[in-house]
């Protein structure tokens, strides 16, 4: 069975890693969809698609049955699933906890399974970005590679600049 | 060294396969860019991005150091390389024989190497689509998987409908 | 005189119905513009353009002098009226209570008349969506057809999913 | 049964009129889709969507079971039918002679029936535009209303300017 | 040295005028970028690009070394500086106080200098639009030409209509 | 009187220079519109908007009454003049020999005057690009600055690469 796992991965954190570990063996192919790929340098989406893919690649054991695909948002939600079907290899299952994603997928005949996230409150991109912006501790929430990547490339500064400020 | 190999793969043929075999070992990561991903059901681009990815996946020995990324065209060529840099992991080398690609890449500091295609005249998407449209022999030009995929999904008919006809 | 009546119709309610009844006889042609046609599955615009047209068609006595046209939003408000002029049959009068619509129309020589809405506070799409989301009574605010359509197609669930949640 | 009849109607001619007469009684609702609505003032698409709707309205006996909807083209053909489903009331049948339209519709479960056009060679938009450009006779090919509309609004001049010339 | 000074100029005020006076002599060419040029008739961006250029032209001593260029926003911030480089003459310096602009420019090798705004709190477009909306005094905050332009063209009414109301 | 002079300026040549010399004194303000600003690195539009502006600035005596504005194409020709009105300062006269431009402008109340080009056959962007591609003489057709600019920046090579080849 081919599965998709859509997420913004802003940034990729231990909750994602944990989820992938749980679902991977159920899938013949697992497609990570990097959503909002066309947005970056905003507080909600600070990292480019390229940076997010790099953080994912550095954190997982990628194998031959995994695809990582950046996808730009489309305007009309009602056309989103069809768009995915056109752009991706055939898939039968979608992992997501988002109720809108569930409705959209099921309308087009794609089964949806919830993700058993690990301590959802803490392991969340929103929480991590907030902690970085406020100078709080965030190291334990992400894989070591992601921590080093953000630190090493000076990306904390970007998030702080974006916090409460927009071009 | 991270490398990109952009192509439309309409369809993926033995020339592509041969080229990947030659360049793969030079790359720490090899990113196949499925260009014109937002176009399909035209004679130039009959297959969707999803179909093209399926044909590639069935034909190559995918390994953990290869990415396959569909990319929609952007309007202004002068902004294309920057767009790739934003959407993809860092890359240093581009494999392409296209003189425009060479110019655009070199302007942005990316080295370009030509591809030593095997019998370029025959192993070409244009040639294959023409043969399919005219009912000529094309089996030997593509990997077995691609031949079976196009045959098995009735896609020859699509190409014939598109030949000399457009919505 | 040809008239336009722009609205989002999320959903079509008795206020709309009442307004159409009042203005219809003043018009040689009445064009209902289904605005934001390119947006759906959001809390502000839960229904697709197609669903909205179906709800309108089931609720009114359509006659030969009425057109129903879905229109996607355009980016620059200053170009909106010209866009309508290009996409629609000639019109001389716009029914709207929106002050921005009034300014934009009058700048391009289109007369605007206010709509004598019936109990504006209750008969409002915003109010109806809120009631559906919160499980309150909303039946009396819409034509019977609209009530049955939303109930019968399970669309209350969509609105509840969208309430306070977005993809 | 709800039916769609897509066409560019550049301009609306007797072939269209004849076709509508033949198919109308098979349909509970007949939706004329004015395609390429976002293009005008080109030789292929000289008339705006609004002008085309006016020519249709003046030529047919519009009744309560007919809709006329301008639709802008979308980029990816593979997403076109889904787009129509989102923007229009439900439909089960498409009238078209275009082989690509047939393939796209049938992939999404929409039945297609050919149109029994009357003297297809002469009653064609391409032929009419060419005749207007070259100053040849074209009156007999269109409904009287269309002839008077184009003559009365000085639109022959537009077509001649566009012939062999583009901004 | 060629310099850019990006701003929305909604409207052009004395702070802008003061800043231009200070930076002009450092520049061989000074390019005023009228940002968000594709947005108008919103409370954040009430004036069209054309109106803003007119207000600038009436307020400054334009000379042969100044360019005024309207620029529409692009979606992905990470591609913004490249877009400017493609659309504008070469530039080496950007005047801006915006931390995001600083990050984006410096990533692409453009030096950024802060603007020594005069009484930033009062001389601000946000403040001026608010005062106009609320009927407060705003004359002293803008050049005489801008005051007369807004008054003379009845544009106060537009801002009031847009305040707390949107199409 | 404010005047516009739209052109692609691929490249700016002596015909343009001559025309500007003739029309400049009739204008209170002269706005050069660099059309197709969003296209570059194609054979029809090899130079970016920025490069074209640089070539213009180096060739004319710019004065305080001249504006140079890059404009991206819009899809629907019928909305083009309105778009210009929104993006530019008010203008009353358009200099152009293009019959489509004439029709579009006059429909929106803008007067059009033809340009008395000097030896139109030779002084043409198409001719110059062709000569560069084929290695023929082209120096005398452009201002010295443009010749040196193209030579000095190695842009002949770009045009040759684009001739008969596209990404």
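By letter and in written order, the chains are A, B, C, D, E and F; residue numbering begins at 1 in each of them.
We adopt the following convention: a residue touches a chain if its C-beta (ideal position, glycine included) is under 8 Å from a C-beta of that chain, and two chains touch if they have at least 3 such contacts.
None of these values were measured; they are calculated from a predicted model.
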Just tell me the minimum hop count from chain B to chain C, counting one hop per pair of touching chains.
2
Work out which chains are contact partners of both chain A and chain E.
B, C
Please decide if copies chain C and chain F contact each other with the same set of residue positions, more than half shared, or with different positions, and reply same or different.
same
For the identical-sequence pair chain B and chain E, what's the CA-based rotation angle in degrees, nearest 5?
180
Which listed pair, D-F, C-F or B-E, shares over half of the residue-numbered contact pairs seen at A-E?
D-F
Centroid from C-alpha atoms only, then distance chain B to chain F, rounded to Å. What do you get?
36
Could you state the distance in Å from the CA-based centre of chain C to that of chain D?
27
Intercentroid distance (Cα basis), chain F paired with chain A, Å:
45
For chain F, residues contacting two or more additional chains:
40, 48, 76, 78, 86
Among all the chains shown, which pairs meet the touch rule set out at the top?
A-B, A-C, A-D, A-E, B-D, B-E, B-F, C-D, C-E, C-F, D-F, E-F
How about chain E: which of its residues touch chain A in the complex?
75-78, 80, 98-104
Can you check the complex and tell me which residues of chain B touch chain D?
38-42, 48, 157-158, 161-162, 165-167
Over in the complex, which chain F residues touch chain C? Could you list them?
76, 78-79, 82-83, 86
As the complex stands, chain D meets chain C at residues 29, 37, 40, 48-50, 53-54, 57, 61-64, 67-70, 72, 85-90
